[in-house]
Amino acid sequence: MERFLNFLFIGLGNGAIYAMLGLGLVVIYRSTGLLNFAQGEMAMFTTFIVWSLSDAGLPLWLALIGGMAAGFVIGAVVHQVIVRPVGDPHQKPLAVVIVTIGMFLGFNALAKLIWGNEQQSLGNLFGRGEIDILGTAVAWQKLGALLILAIEAIIFWVIFQRTKIGLAMRSVASNPESSALCGVPVTRILMIGWGLAAALGAVGGTFTAPTSAVDANLMQLPLIFAFAAITLGGFDSFVGAVVGGLLIGILTDVVPRYVDIFEKMPLAPAFLLILVVLLVRPEGIFGQKKVTRV
Amino acid sequence: MTSTRKLRLGAVAAALALLMTACGRDDETADSSSSDNETAETVAPGDTTDTGGDEEAAPAAFITPEDDCDAYDATKGIEGGTIKIGTVRPESGPYSIYDNVTKGLDAYVKAVNADGGVKAGDGTTYQLELVKADDAYDPARTPGEVQRLVEQEGIFAMVGQIGTSNNLAVRQYMNDACVPSIGLATGSTEWGNANEFPWFIGGLPSYATELHAYLEYLKTEMPAAKIALLYQDDDFGKAYQATLKKDIEGTDMELVDEQSFNPLTETSPESKVAQLSGSGADVFIVGIGGAPCPAALRAMPGTWTPATYVSITCSGKTAMSLAVGKDEGLYSVQATLDPGTPADQQNPKIQDFFTRGAAQGLTESDLQGGITAAGWGFGSLFVRALELTPVVDRATIMNTLYSMDGENYGLMLDEAQSTTDGDTDPWVLEDLRVVRRTAGSWEEVKPLISYDGQSNDFAG
Amino acid sequence: MSTASEPIAGTSAPLAPQPPVAKAGRNWLSIGTFGVFAIILIVLPQVLNAFWTGRVTGWIPIAIAALGLNLLTGYNGQISVGHGALYGLGAYATALVINEWAWSFPLAIVFSAIVCFGAGVLIGLPALRIKGLYLALVTLAVATLFPQVLEQFSDTTGGSTGLGVTSPELYRGRIRDRSIKFEAPEWTGLASDQWRYYFFLVVAAICFLLVRNIVNSRAGRSIIAIRDNETAAEVSGVNVARAKVFTFGLSSALAGVGGSLLALYLARVSSGSFTLTTSLYFLVAVVIGGAQSIAGPAIGAVFIGVFNDVITPDLPEAWKPASPLILGALLIILMLVAPGGVAGLIRQFTGRMRTRKLVNSAINNPSSGGTT
Amino acid sequence: MALLEVSGLTAGYGIVQVLFGLEFTVDAGEAVVILGANGAGKTTTLRAVSGMISGGGAVSFDCKQVQGSRPEQLLRAGIAHVPQGRGTITDLTVDENLRVGAYSRSGSDVEADIERWYDVFPRLGERKTQHAGSMSGGEQQMLAIARAFMSRPRLVLLDEPSLGLAPLVTREVFDRVAELVRETGTAVLLVEQNANLALAFASRAYVLEAGRIVNAGTSQELRGDESIRKAYLGS
């Protein structure tokens, strides 16, 4: 039991990271209708900014806020300069996917050019302390990650479901042309969406870095796990991203501890679950079914 | 329309004909090689020790290009007193940190040239030119890049090429072309096989020897050790696994749990470390590299305090600083000086590395990080071979490397010696000491031991 | 011969709607273009040295895999980010039958194609229910899982260390596993690199011919109809499920042929060559070259090949670390300028001339109408 | 001075020109129809007026030049556009669709307006939490009209509301819009193929052929025109 709890909290801690990244993917999907392959690299880039600020002597919390602000600007600029000119992702999904792959390559190379190949270490936002839960020592950092994740999810749910700007974002994602005809400033809304997603990336990256090291490859694997998370939970659902992320964390960190065949294939149980879920519900656990009558 | 169809059919028929001939040809090859098989049984192995060197100073001829090569160009890449060498490394892609190895090699080459060049064994002083290529650590891209260096750039030899599978991807090609590849930046046990692939010589201690040196220390210190192993899912980790199983056989030591880790597909080794921590082990062998190695150390619960061993690749200053406080008391082994350790920094070799490296633009973190120093070492090995070889040509330089006797080059520990023999012992670094991390510095706990000639025996 | 009214293989893409009057002329143009390309492809290894012949040969496996992906993604509208795994499966299948049973190269290729067809059908079945971006992400998971599966069975596959594609030979008095070689039969008088090139070229020609004929057939029209409107296709009598699964299988088989050629080309397979990046490169090749065109994947493969093998090595030393940045920027700019890829650009260019004629005729004869 | 005054309007897609210098006006509170066959350029005309595509010529609204403005600016000025195919925001609920319609307003009376529309179109009220994409074509058309009116426009551009609807439903939609025009005094510029309905609804009409206005007049006059009867009234 004690060991199980230990594995469980490790899984939840890692799952929280996938969920944070997943939230960013959901924000972009819900405002722009596309899957952003560069999400992880943007998060890596902003995490380097957090590290630079922290290295310059800023407390980590302040550095994180600085990184989020920088992320917001980067996201907004990326949308204005790169994503928007390509056009509507509903019309040419492949072209937009290729553009995000281009951004993936670009951000990765840019980070190496700016910060080099050195691996840097970033401290824990919630210190190195531990707390005893049912006989298992759990790091505050993991509980902190879960807390921040919950706060993020609530904030985004409120923004999207309860505010005018959130309504505009959902409207633009569904039908940009009609939204424009209703007076929604489409470009500005999309810019905000990208900015928010990139700002979220800084948070995800700041929690990922202490589990490995700040370098240009920091977010490549977590992004794949985050994709798995939103596939499971549903692309358009914040709850889905959170539940999906935590589930993926548990499946990859707990199940292989008890089933030997998965030792070298930790992603396999997650993959099987995704397959089963999608066969039953092709829109993910919490995803919205698209019903359109013509 | 009908004639179009005919035309198409014609094209298909032609294509099929071409394939048929390919079939026929291929069957023949298969046949002939299988008959080779049979004859091979009757050929006595080790027949290669035919006539010795024609010149007196020439090293024992392990390689005789007349017999071993279809096409051999002895001095390609040497022109106007400059020797052109090449290296392939992952400048881009997920393993770009290893580019720092090449940084060290590059700086070494520049430093040698700045000092006036290498005075080779043939009495000539040569300048060196290093041509670099990038394979992004993808073994499918390595052959193209190596061929570019060999065929287009016309290099004399490869030096310090990175990655086991990347080197394996070109081993046949280099042997067919009879181009030396010197100081491979990998310790795979594959490089012990000079008889089959004589043009490859490693630049690191064999992974097997590395772990064996520590296990031997463990045998005296903790004869009933219960060992937990975390190993990387590749040739490095598997060499550890095999050596460990072989070495504990017939002892009171026991492997209580083992877990593999794949840095390409797993984000963090934390849960695997947690599992190992529950195994009751009092020795923890961390056979993984890169950022996941310090991550594994950090993931160790405070209640679990086994004697923990990290590999050479995880003992540099960068890795230790990433371990954030979890480095105290670690064990590792060393064949070379550690530029990140205060005691070693007083050594004249490190001092020399610091001054000449800094003059070529290496930063403080490059100089002390450990990875860059490895590249400096591969360069030193090549230059030492040049200094020793009586004739500067491809075969002689390899033969020189296969007949070294008590050499000490580059940043090797002061008493360490490099002694080689192509047939049985193609390993240059086999003298190791066991060290323990104490107050941010590696301290010797077991003096240098020479495992000369034994590396191939330790491999599982 | 003189009445041949269609190009033999897919060097020319099926173009946008065209007035019948232009057809004959266009086909002559296509035959001309095709002829020129065919001659270039045949003469290439006579002009290039062994190194460059080898490089160009190395682009062929990518072109074939991208061709397969294009059939699925471009023509059938099912996005796959997992073709790198099928490419890998084909490569390992070939390595296996050559190492274990010393099969001939063509047989090994066919074997890989069959294995991957089966795997493709298996993936295609759940894809009947999972659609669009969800399908893309499921295939992405397949791409990520594949190297893990290779590790799980590393005793057979060699894991990340890899597996040589070899046959035994006698060397220095011992038997060693020697990497397979392409040796031209004597009557050809070709060097081994040239022979390998022609061998690959023939395989590629067969694949491109096959896809071109399928796309232009009744089955091909069903495949395309499903992409444009699945419900409408179903209503008009297309067996949607069968067509989609078949397309997935065929597409995977082509990826398998590509992978098989890669194994023959490198004489070595290792898990590091079949990561997600490989899958993404195929997608890049398809879109850059031009989805929904026969020649597009080949153009895309050449684009990637030229960038990696020709442009990057010649960049000034200081620029080299920025080469992924340059590639990224190129992709973005290309998608801005030509979202239909290079083939789309060509189509647009030839299409524009045709539209001009159309518009002129529309203006002279208003009843034929404009566009609303 | 007319509310909307268009002169020399040209527009097209790429190199294909569709409109060749249109002239027309809409007065405040007036319902005007542009008749035309498929492909005559009707939709293009509305898209050019509402700023969805750029065109040449002059468009003035309420005595101000608005040519070249973006849709959201025009909406603020008072022009709402019900696009062809209804432009339903399918992933939002009916209620949310109406709220998006009120995006340019910042008053607290939005709620009251929404309730009023549920009174006008009771079927929308019954489905207010339902996803708009799941409704029938007629319901979506009503929603699109209500959404456009949510911005309290002075001119509504209405693009073929009859498209894809059953005749009965079409009649209902037209009746409702006519009532609205009467009650709110909002001007409507309608484009239609169904000339019978359109001429009954509008007070004036223009006839568009191949991007040029070939006829204009009051509905009465056009109904009597022999060529119109042949081409559009099927008699």
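Should a chain be cited, it is by its letter among A, B, C and D, assigned in written order, with residues numbered from 1 in that chain.
Please note the rule applied: a residue touches a chain if its C-beta (ideal position, glycine included) is under 8 Å from a C-beta of that chain, and two chains touch if they have at least 3 such contacts.
Everything numeric in this text was worked out from a predicted model, so none of it was measured.
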Legend entry - Interface with the most contact pairs, given as the two chains involved: B-C
Inset, instruction - Give the label of the chain whose average Cα location is farthest from that of chain C. - result: D
Legend entry - Averaged-CA centre spacing for the pair chain B and chain A, given as whole angstrom: 38
Legend entry - Between chain B and chain C, centroid-to-centroid distance (C-alpha), Å: 36
Legend entry - Separation of mean Cα positions, chain D and chain B [Å, integer]: 74
Legend entry - Distance between the centres, which are taken as Cα means, of chain C and chain A, whole angstrom: 32
Inset, instruction - List, in ascending order, every residue of chain A touching at least 2 other chains. - result: 109, 112, 264, 266-267
Inset, instruction - Two or more other chains in contact with one residue: find those residues in chain C. - result: 144, 148, 151, 154, 321, 323-324
Inset, instruction - Provide the list of chain D residues touching at least two other chains, using ranges where the numbers run on. - result: none
Inset, instruction - Using the touch definition up top, name the residues of chain A that touch chain C in the complex. - result: 35, 37, 82, 85-87, 92-99, 101-110, 112-113, 224, 227-228, 230-231, 235, 261, 264-268, 270-271, 274-275, 278-279, 282-284
Legend entry - Residue ranges of chain A touching chain D (in the complex, touch as defined): 164, 167-168, 170-171, 173-175, 177-186, 236, 288, 290-293
Legend entry - Interfacial residue positions of chain D with respect to chain A in the complex: 50, 52, 70-72, 75-76, 80-81, 83, 87-92, 96, 99-101, 103-104, 131, 133-137, 147-148, 150-151
Legend entry - List of chain A residues in touch with chain B within their complex: 3, 6-7, 10-11, 13-14, 17, 109, 112, 117-119, 121, 123, 130, 137, 208, 210-213, 215-217, 220-222, 225, 252-254, 256-257, 263-264, 266-267
Inset, instruction - Please name which positions on chain B make contact with chain C in the complex. - result: 1, 3-4, 7-8, 11-12, 15, 18-19, 21-27, 29-30, 33-34, 36-37, 39-40, 43-48, 67-68, 91-93, 133-134, 137-141, 143-145, 147-148, 151-152, 164-165, 168-169, 172-173, 188, 195-198, 233-235, 238, 260, 262, 264-265
